[in-house]
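Next come two complexes, and both contain chain A; in the first it sits with chain B, in the second with chain C.
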Partner chain A sequence: MLAFILRRLALLPLVALGVTLLLFGLLQFLTPEMRASLYIKDPRQLSAMEAVIQKYKLRDPFPVQYGVWLKQLLGGDLGYSETAKMPVGEAVRAFFPATFELALFSFFPILTIGIWLGTQSAVKKDKFIDQVSRFMAITGYSLPSFVLGLVLLMIFYGHLKLLPPGRFSLETDLLIHSENFRQYTGLLLADSILNRKLWVFWDGFKHLILPSITLCYINVALLVRITRSSMLEEINKDYVRTARAKGLSESVVINKHARKNALIPVITLSSLLFVGILGGVVITETVFNYPGIGRWGVNAAQQLDIPGVIGFALLYSCLFVLGNLVADTLYAYVDPRIRLK
Partner chain B sequence: MSSELATLLRRVKKNPLSLLGLGLISFFILIAILAPALAPVPPNSRDSYLIPQTGYSSDPVRPSREHIFGTTEQQYDMYYGIIWGTRTAFKVGVTVVLTSLAIGIILGGLAGFYGRWIDEALMRFTDIILAFPHIVLAVVIVAVLGPSLKNVMIAIALVSWPSYARLLRGDVLSIKEREFVLAARALGATDFRILFRHVIPNAIYPLLVLASLDIGNIVIYAAALSFLGLGAPMGYADWGQLISLSRNWILGSSGNPFEYWHTVLIPGGTIFLFVLGWNLLGDAFRDILDPRQK
Partner chain C sequence: MKIGDKFIEVKRVAKQVDKFTFRKFLCIILSAYHLIILPYAWSQVKNPDTYTYLTISDVDSMDPAWSYDTASHLQILNVYEPLLAYKGSSTEELEPLIATKIPTPANGLISKDSLTYTFPIRKGVVFHDGTPLTPEDVKYGLMRFMLQDRDAGPSSLLLEPILGYPATRDEKGKINEAVFKDADRAIQVKGDNVVVHLKRPYAPFLTILAQWGVVVSKKWAAANGDWDGTEATWEKYNNPKKESAPFFDKMNGTGPFLLERWDKKNKEIVLLRNDHYWRKPARLKRVITKGVDEFATRKLMLQAGDADAIYADRPVFPQVQNLEGVQIIDELPTMEMNPTPFFTFHIDTTANPDIGSGKLDGNGIPPDFFSDKDIRKGFAHAFDYSSFIQDVQRGKGTRATGCIPRSLPGHNPKQKWYDYDLKKAQEHFKKAWKGEVWKKGFQFTLTFNSGNVPRQTLCQIIKRNVESINPKFKIDVRPVQWSTFLDRMNTSKLPMFVLGWNADFPDPHNFAFPFMHSKGNFPGLQKYKNPQADRLVEDSIKEVIPAKRKAIYAKLLQLEYEDAPHLVLVDTVRYRTQRNWIKGWYHNPVFPDSPYGSYFYPIYKE
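Coming up: the complex of A and B.
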């Protein structure tokens, strides 16, 4: 197992190199003056643009430019994000917890609903629940998340005045930036419990419901489809018939025998699903005005904040590489045949 | 090939949902063709895709006799935007599918045909793009190229070719071992001729069907980028852009919380029906093309 993980880990730098090459390659569409923004930290430097271009070799051939940039990147310097008004590294630290909280808050409902609905619609194939889940899958694929989000806001915020957009109310905002509140994790729900402030927990919870419903509806369809088809494959196998022949109850046959095997592809997919949800928040955060990585990335893209956009993409590359590593490891863990290959 | 097509048509006919999908798509094709008749272009217009503006009031106006779908903020006529937006949707969908197919066919064909390190390098590259969240990569590409509808199309094409490349590569791998390829080689055909005249034409049919069904997804991506303010400029007939104009109007006036319902539901419903059409049809086709189902 360890050898497997190590072998996989050895591939990571290669993938990371590929992604940075791709991103920096894209920047070649920009003028050297625009690329210079990657290195500018102070508006005063704008008057000495030519010096910046010379210093960082921005008119040199691609490999030279890339080398200079990569060296700075490895030193941990990602530049200054104009939209966040802070260095990119700090911006990531400031925005990521909010995004992570939203993704985590949506991940477990998606997993539970997806697996349950997938199992049910395989066991009761072509019955009512199967038709319902098929309908939900097709509408889920067809409904843009921003339309769903806006409609939910119209009903639960505009009409019922229950669930507002944003991440917290004004009172919470004042409290968490005061001395009476210690930020342990950056996750509002966790911090509010650690600070014993239940009303803050409730406030954060209320703000998470709508974006989380939006993410669930859009993402659950894929999971249902995969669970269903994998479950259908398993329940026709011989060992399931044997289990039934032994006289085991139907729920034991389905839940203990068939589902355990059917979940192998689902488990491995789940970490990629998590990365997918983190990607999906780009739109959801903008709709709900939720201050996370996605909203920052979109703002940066709108305002040509190149260091911001590149930092945003690099963060996602790391997440994606990690997600793949976790998926591979889980796969090897649940299916020993993989490890021996 | 023709027997496959016949099975396909029989399956579509038997399944009422895929018929509904076909109906929806035909309906939208009709709207796109008849756009100049359904929503006449004002005589002084520079570009028929620019939505005419009636006044400069910032508040949207509800549907009325004069504007049957109402107006958006800044008084753009919603009906005109929806009708000409149908043309935009098809233009975006078809262009992107063709572009990403071209990239996918060339890279997938080369990888499958030459194998070895070319295959390895191209497929690792494909894996990276395939697994990276598409919307993130598209946002980065549009940011670098500059926000516009054209660049949105380029960005989506650049992120959506990998699945085609992968599919074609698999088919090329098996077809290049067949006798007729060997025969062509024995006759002295060049690699280029073998690949593009003998191998790819024999592998391309399922790929074309699958790709054309992606038009729905592509339109959602394009609408999302327009919604995020990275696509069509304000006042351009584009569904995603129309929805982005509704963002400030989710709150109605006091006593009438749903006063501006039309700003979200009309363009949102249109996109939904359009994409639903493609997905309903796509479901039937994927079942038929899936070898495991046979």
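Coming up: the complex of A and C.
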């Protein structure tokens, strides 16, 4: 098992290198003038187009540009992200904790509700709870997140004035940027506990509720459907009948025997979901004005901020590899017949 | 008694409560909430000494010599100070700021030949770091602005009037070594005065200084690793990397606010009151400018009182009307010509699908299609100006009569412009290309940058009206990404393109040159050249007597009408959305990001 994990981890740099090479190559299909649009945003600056292309060496051949970038990378420098207005490494460190916090905060409800509701609707097929889960799945899956987000914001912030957008309130903002607050992790909730400021924790918590509900409602739909169909397949199998016949209680049959076997596709999906949320949830972040990594990634892509795009892709590919690795390890845990070699 | 019995007992008692009394009670509570608590909550000024402005724009750099965008200059306006400023809402009248007098020929501070300007420098002004301001700092600020000269930056705005050339490097990027000596000679410290010698008379010089010539501390710059002001080192700081300058994210000015922090992660800039300001300190303690991309979120935050002013443009106007506690101030003049459709006189044909066959055969257009005046006039008559103002501007704004907007001198409200008249359009199209166009028709692509709704509507109006004149006329409207748009426009591949222009400084020259001079921003792309227009623009800049200048601009606008190298559509007005507890705000179209952003000094909440 350990050898398996190490081997997979050793592959990580290769995957990352492949990703950057591919992206760099694809971006070369854009003309230097197109790539200069990152620096030229106004007709007043048009006359300087050629000078900008020269300055940022946008006309150099692909291997030269890639070589320069790679050399820079080996020196530990990922380049400067024009859209974030800071070096790429710093941008990742700045934006990722917020997204990580949001992902953690919404992923566990997604997982618990998804698996529980999926199981229940399979066991009580076509009964009330199944219909409820079907309704939730259809609405959750077809409801665009900006609609749900805005409706929630209008009710809980606009009308009830309870749960505001953003990541923290003005008071917290002033405190965490003062000398009385030390930022250890970048995760607001963790830092507030470490600083023993419970009201900051409560403030951060309040700001996480709505984006989490939005993410939860939208992402739980798929998980419920997958769990349900996978469970349905399992509970009709012979071993379940045997378990029942030997007099095991229904909860043991369902929760221990059938569900454990039904979890494989659920694990695959969950790991993908988690990585997806970690890679940024642009619309939710935009609606709730939440400073996550997704908005930066999209901005960088839209404005052709090449160091930004590549930095973001690197992070995402690493997350993806790690997510898959975790899923593979979990397969072996829930189904001991799977041996990792 | 068991718990179940207790529950039944409670239920029985509850049933006995008189329903009528209960309803009455509920009514009283609700009315009290609506009559007492809610109005109280609405009338309460939230965070009375903090002003929060929500915008969509990102700051590029805090460096006054680097930034060329409104979001950055909004912060610069409130932290740094120039020698002179605009008085109140005026775009013409100036008042002294770091200088103690406005130079005029009458007070002798402008020489008779209009070439030498003397600025007496105010004493007792200190920078935010505590160092006193000296005339040497004024000189350094102007020198740094010119000599930094980054690509696509604003340096030419001062280089041109003071040194007479627009750049510190040649086309190949080689530095002109004489620049330092020229600048050092042109700007001199004499006692408590700073004297600036111009290369040639330059009418808008003071208005440019009031907008761009801010004072920075030489000592602070050198101590923080920027240029030390000497000839030996200036080339090292020419065309630098943006983030390498300390001025990029630190600010040390003399203005009413100082930079507390620029939180790039949360897209937030916090300014703190300068309690040692040389005038009376501002009434606001903190000013927060926050990036919130989504309009609905901005609106909700304004309604909740968490924001005091927000960016809201014309299309969302109905959504901000009649909001409780929110005030709208409309009909605010601007200094812009936006949007404007331009014709390309010589289109580049290499790999260019936008001109179809590239011939006048009904399936394309020849590269010099728009060089025929009648084609351009046909388009000018085919445009429905009133519908455009109605649909896109919601009826606000007036028809433009030339490239100089109403808010500036040189604008001529009586200047003729083309009417929407399809018959006249038809006559011109029939005359164009010796009748060939009418006989064979044409086809080309009209491009705009995607996501820009007013420009899209404009293109659709052109398409609809021109195609209705002759079934053989075909125009394809195509949205493209800004990067693609820029690339194709820069190589003169777009037959016709739509762009806008916002002024750098409040002077008609800032419109006459980019719109009409063959070396200007747009004619350069269009390949439009009229020697007469060039001459008029050049004459106007040298003329310092306002009446004579106005006469030159009148001629230029007439020429613009006859040539129609572009279409002028509307003199845009904007509106401001703010909480009604905001007091002291005033509009000046010169302020960057105006009327959404503002000069925060006079503002207070009450």
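In the analysis below, the second predicted complex is superposed on the first by the 276 of 341 C-alpha atoms of A that agree within 3 Å, B and C clash if a C-alpha of one lies under 4 Å from a C-alpha of the other, contacts with A are read in each partner's own complex, and residues count from 1 in each chain.
By definition in this document, contacts are C-beta pairs under 8 Å (C-beta built on N, C-alpha and C of every residue); 3 or more make two chains touch, one makes a residue touch a chain.
Because the structure is predicted, anything quoted here is derived from the model rather than measured.
Student: Scan A:Leu30 for contacts with chain B and chain C and give back first, second, both or neither.
Tutor: A:Leu30 contacts both chain B and chain C.
Student: Quick one: classify A:Phe95 as touching chain B (first), chain C (second), both or neither.
Tutor: In the superposed model, A:Phe95 contacts chain C only, not chain B.
Student: Quick check on the superposed pair: does A:Ser317 touch chain B, chain C, both, or neither? Answer first, second, both or neither.
Tutor: It touches chain B, and chain C stays clear.
Student: Would you sort A:Thr286 into first (chain B), second (chain C), both or neither based on which partner it touches?
Tutor: both
Student: With both complexes overlaid on chain A, does A:Asp42 touch chain B (first), chain C (second), both or neither?
Tutor: The second partner, chain C, only.
Student: With both complexes superposed on chain A, which partner does A:Leu304 reach: first (chain B), second (chain C), both or neither?
Tutor: So A:Leu304 meets both chain B and chain C here.
Student: Using the touch definition from the top, say if A:Tyr157 reaches chain B (first), chain C (second), both or neither.
Tutor: Both partners, chain B and chain C.
Student: Tell me the contact category for A:Tyr80 with respect to chain B and chain C: first, second, both or neither.
Tutor: second
Student: With the touch criterion stated at the top, can you tell me which chain A residues are shared between the chain B interface and the chain C interface?
Tutor: The answer is residues 30, 146, 150, 153-154, 157-158, 286-287, 304 of chain A.
Student: Name, in rising order, each residue of chain A that touches chain B in their complex.
Tutor: Per the stated touch rule, the residues are 15, 18-19, 22-23, 26-27, 29-30, 138-139, 141-147, 150-151, 153-154, 157-159, 272, 275-276, 278-280, 282-283, 286-287, 297-298, 300-302, 304, 306, 309-310, 312-313, 316-317, 320, 323-324.
Student: Could you list, by residue number, the parts of chain A that touch chain C in their complex?
Tutor: Touch list, chain A to chain C: 30-31, 33-37, 39-52, 54-55, 80, 83-87, 94-95, 98, 146, 150, 153-154, 157-158, 161, 164-167, 170, 173, 177, 286-289, 291, 295, 304.
Student: If you look only at chain B, which of its residues touch chain A in the complex?
Tutor: So the residues of chain B touching chain A come out as 124-125, 128, 131-137, 139-147, 216-217, 220, 223-224, 227-230, 240, 243, 246-247, 250-252, 257-258, 261, 264-265, 268, 271-272, 275-276, 279-280, 283.
Student: For the complex, give me every residue of chain C touching chain A.
Tutor: For chain C paired with chain A, touching residues are 47, 50, 52, 58-61, 68-69, 151-153, 169, 171, 173, 239, 241, 243, 249, 261, 263-268, 270, 288, 292-294, 296-297, 300-301, 303-304, 306, 482-484, 486-487, 489-491, 499-502, 504, 514, 521-522, 524-525.
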